[in-house]
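In the two assemblies presented below, subunit A is common to both, partnered first by subunit B and then by subunit C.
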Partner chain A sequence: MKPSTFDSFPFSFVGPTLNRRHVLAGAGAGALAVLAPRRAGAVLSIDINQGNIQPMPIALPDFVAGTPGEAEMARNVTSVITADLQRSGLFAPINPQAYIEKITNTDAVPRFADWRAINAQALATGRLTRQGDGRLKVEFRLWDVFAGQQLDGKQYFTSPDNWRRIAHIIADAIYQTLTGEKGYFDSRIVFVDETGPKRQRIKRLAIMDQDGFGVRYLTRGDELVLTPRFNPSTQEITYMAYGQGQPKVYLLNIETGQREIVGNFPGMSFAPRFSPDGQKVIMSLQQGPNANLFVMDLRSKQTTRLTDTPAIDTAPCYSPDGKYICFESDRGGSQQIYVMPANGGPATRISFGQGRHAGPVWSPRGDYIAFTGLIGSQFAIGVLKPDGSGERILTEGFHNEGPTFAPNGRVIMFFRDLGPGPFLYTIDITGRNELKVPTPSYASDPAWSPLLS
Partner chain B sequence: MQMRTASAISTGLHVGVLLWATLSFTGETFHVTPAQSLPVDLVSEKQFSEMTKGIKEAKKPTEKPKPLVEKKADTVKPVEDLKAKVTEKQEVKATAQKAPETPPEPKPDPIAQKIKQQPDQKEAKAQPTPLPPKRPHIPQQPKFNADKIAALLDKRDPTRQAATGAELNSAPSLGTAMGNAAQLSQSELDALRARLMALWNPPVGIQDPQDYVIRIRIQLDRTGRLVSPPRVLSTGHGQLYDTARDSAVRAVFRGQPFDMLKPDHYDVWKDIEVTFDPRDMFRG
Partner chain C sequence: MMNLRQFLRGARLVAALAAALSIAACANLGGQNGQSNASAQATPGSQQDFLVNVGDRVFFDTDSTALSAQARATLDKQAQWLTNYSQYTFTIEGHADERGTREYNLALGARRAQTVRDYLVSRGIAANRMHTISYGKERPVAVCDDISCWSQNRRAVTVLNASS
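Here is the complex of A and B:
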């Protein structure tokens, strides 16, 4: 299915490439000939070392329905794909009113000239048909309009009430082909839903699709819930809750609703998070005025102490390979981010930017650690590299907190409270494309699931 | 009394020192060398292209056109001329001249030869008026080379390269047969690069940009349109590489027609190798 014209081939004669040194020399000396260093008859070489990153214009005509009865669902699938791609900030879906060609047969090659005329760079066409056994067949093709090639083509079978997921999966496939990275649309968010007046807030655990649809409540709201976290491998979450007694860490199966307490510790346990393999939970245990990091194996129930300092060590998070832990500690005087081996050992401080740094989260890609920055009275969301370099603030303001990475590590979700109550927002790791996530009411403490498929 | 003598001696000595000081220290006026003002012309890039382009009606130079040279080459080239070998006539001449003059020298030194030739002429002229020559002529090239000193002090390498040659020549020439300046102007090249830069939308997720340098060979017709689909010369693997490659190919497709390239210079731009290099954009 891959375009064959693009395939590389060995080519014996290659003119000398123009490197930056030559360009500088040319600019310095004013010698024009350097920029075009070849004689007539040979290849003229030019270097393009700056691009123009912008959302890619894509045309997404409504999927073709097998029968008129499926037209509405076909339209809905298309609109979910369009919304996913648009929200990513990397695509600019073209207004359907501009389309010249009307796609009626998805097996025929589209008239690329018609799509070039409206400046579409990619075109996704699809068809939705109900099978004899009641299942839904959804197929799509992705075209490179300028090269005139098919880039991708797939078909899926599912039950009709799964149409939304199929749409997200197709959006992921388009995203992956056109950006070169895995998508994140077929994923869910668990968060704390907040209702009622500020002093008597009812906090319930809720789960929804990453685009805000399909909200479902997981707890009844008779206790306070905080910091829900996804198990990377199963449909399970861990969180902290407290009703009458002390705050404790719990495990909850999303599908069955079954709940259990993690460990039986004398003091308060908090800030839980799963290991990348889902076999362990790492958390903080309160011991007098101090807090230390512990890890519990979920099978053997064996608990291991990782830190032993007269300080508050909390918010631990594994690196995606499971070899390291980043956490927050005030052992140096103020809250900062430290990194240590996952089995224990010396911890190294990595955050040296302005203000305090709290709540570190390691990206699933491993390239960044997101954190909540406390600068003066402002709460910011920032990222830094695991070696402490490249610290960058993505957004700041009165109160921003609780970053969580999308499965592909390109987008961060967090909550922002402007006074009356918190809402969820997403932002690209480059600091662009900040968007509010639709939720039924106030929402905080989001946790992004891994890809479902 | 003693006090008096003492103060008298003291006064005398002081006066003496002061007198000596006023007489011996001669004030010299502070010299300020007047800074030479350099005439500077502001020339637009287009004018510059035109200036260096050369004029068709210009007189054909009698001698070989010299390329622009800012810096002498470090190593002195031997006299032997590659072109001389091709044509028989010149070779005969060259050997005829060389043979009597420099038989024992291990290395023929062009500069030394020139210097040797010069005094002969001058002496011949100078004979009627018997003035002694101003400077003794050193037959060998001095080891102390001012150009080399300058090269030693120049710590700017390797980011800067001057146009080098055997001898300095600051005058832009009519253009040489090897140069492209006369054929494709800077503004045309810049316009071509600017268009491709504007249209190249590389994938944002690049982490090791050196793995995603894409070289593409394109062939154009006289209207600036692709004769055939662009050919990708570089190789790589993975979804991100495919996306980077497709983005570069797409930029070339979208850039058509490359109407900034003038048909007069078609021979120069009919075949172009474009390198899409994301390293400057994604430095991590």
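Here is the complex of A and C:
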């Protein structure tokens, strides 16, 4: 989402655009008229860089339905927005039973005194109307209750089956207006669904919304699949699968189901990840006892060797600007994180904290690298800065693994296996807000998509 | 009425029985280790013969690819058997326990398979009879979440190809 545009002309359609090809085909968005004059002075906001944040009390009354037939969908949109904001840990939605004013007209200025009385700092109101052409129109306004002013107002047009996405997009808009940071709710997770006994696990690729809804399976479970990763620019993933013979890195188009092998290498290829421009796949190739890093250009199919060491070099990940690669290597005796230029060359070890450091992944913001820390018999999720400073452990125990960043770099998803099987969890990068992510069965190897719009 | 001494003796017996049962269960999970009673019936040169009279797997220390004396003894027997029955091609599967990260364990399993491959080649087995594959931590045989199981999962298994 682009920054909100309070000052743009009403209904001008110059606000945020939903540019993601097919999912919201024909969708439109625009800014709503500002209903109250802006006042000088402090604007409501959360500073999410502080270590200990008081969640902001926010009121989210059910969106007004254009006709009674849309009431259920209007309530559902409101509850998805509410759940997104609550799970972020930055907002404390107020119990609707405390509400005094009943919002019936979203084009009228709310009675701020009624919302101040229940200590709401922000108020989001909205309306959902089915258009003559069958599309939905969803509008919302975000209010600063104490300043008595409108902070944001937008409207969206889409097909009714996109109601969840519109809810996530509105939650992102609220998050962005109140924190100054982009949101992450309109995004998806690709992961490995696990069923069956531990000795004969059936693993399937699956994709779902970041809040666990809309699970869709991408493979049938007749072959072992591992470590799916999103292409940052298209609807494509790369992953490792045991097809015939040696396990290989594959590409899969998640819309068409078309798949292809990446490269034609004699041995095992594994640990793939896309470059930020989506044009290359970086991965490990097993050669005898050693694993080295290679990159393949997907257009020219040209493969370039990046490391040549008698060691296990694996789990490579680009910096968001594409200039560097972080990876793990046991070249110094145990798994540690190294950084090198994207074209190869000298690698610098950056992890010097306790224990081993594995599976580094660069934040989309560029500010942190998350990792799996192996400290004694514990498996921790931690972060450090790309220069190696500022190492912090966010959560530990047996057995946490496989961090992946939300598109805004503020939240990390990972999997935790307490013995019988793994589940997905999120934790914010302060380590304060840890939550389980609902999945239909055991789940591992999550990878977070970029924002869809 | 049972006195305390009798009760304790009984309890010890139950404890000993439980221990014996759990060892048997673990051995079963490990599978095909050559301790089976079936050894008498196995036809020489059959896959069953290889499993029960030679042993299809060797074990490794944590995060190690070094072959122990016991592992080398098993591989010497494998090499002898594979020399006698040269019609077999085979795959060496490398495995790791769950106490490692996914990507690293794939490479570690590959290293273990490679170590066994190199050893068998050094004992005169033709390299073109064997393939290696790593399963990382994806195919544990023992799942009891403690050291007795992990040690069974850190393994390289020589799997004879059925069609050979």
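Throughout what follows, the second predicted complex is superposed on the first by the 399 of 453 C-alpha atoms of A that agree within 3 Å, B and C clash if a C-alpha of one lies under 4 Å from a C-alpha of the other, contacts with A are read in each partner's own complex, and residues count from 1 in each chain.
Here, a residue touches a chain if its C-beta (ideal position, glycine included) is under 8 Å from a C-beta of that chain, and two chains touch if they have at least 3 such contacts.
Values in this document were obtained by computation on a predicted structure and should not be read as measured data.
When both complexes are overlaid on chain A, the residue A:Gln336 reaches neither subunit B nor subunit C. With both structures placed on the common chain, the touch criterion links A:Asn400 to neither subunit B nor subunit C.
In the superposed model, A:Ser284 lies in contact with subunit C only, and not with subunit B. Once chain A of one complex is fitted onto chain A of the other, the partner contacts of A:Gln54 are limited to subunit B, with no touch recorded for subunit C. Set side by side, subunit B and subunit C differ in how many residues of subunit A they touch, and the one touching more is B. Contacts of A:Met268 after superposition on the shared chain: subunit C is touched, whereas subunit B is not. Look at A:Thr82: by the touch rule set out above, it reaches neither subunit B nor subunit C. When the two complexes are overlaid on their common chain A, residue A:Ser351 makes contact with neither subunit B nor subunit C.
Contact residues on subunit A toward subunit B in their complex (touch as defined above): 2-3, 5-9, 11, 14-15, 17-18, 21-22, 24-25, 28-33, 35-54, 56, 90, 121, 144, 146-147, 151, 176-181, 367, 390, 410, 430. Interface residues of subunit C facing subunit A in the complex, by the touch rule stated above, are 29, 65, 98-104, 106-108, 110-111, 114-115, 131, 133-136, 138-141, 143, 145.
On the side of subunit B, the complex with subunit A involves touching residues 48-49, 52, 68, 70, 158-163, 178-181, 183-186, 189, 192-193, 196-207, 215, 217, 229, 231-235, 238-247, 249-251, 253-254, 267-269, 271-281, 284. Note for the complex: subunit A touches subunit C at residues 197-199, 201, 203, 224, 226-227, 240, 245-247, 267-268, 270-271, 284, 286, 288-289, 291, 312, 314-315, 328, 330, 335, 358-359, 372, 374, 377, 399, 401-402, 417, 419, 445.
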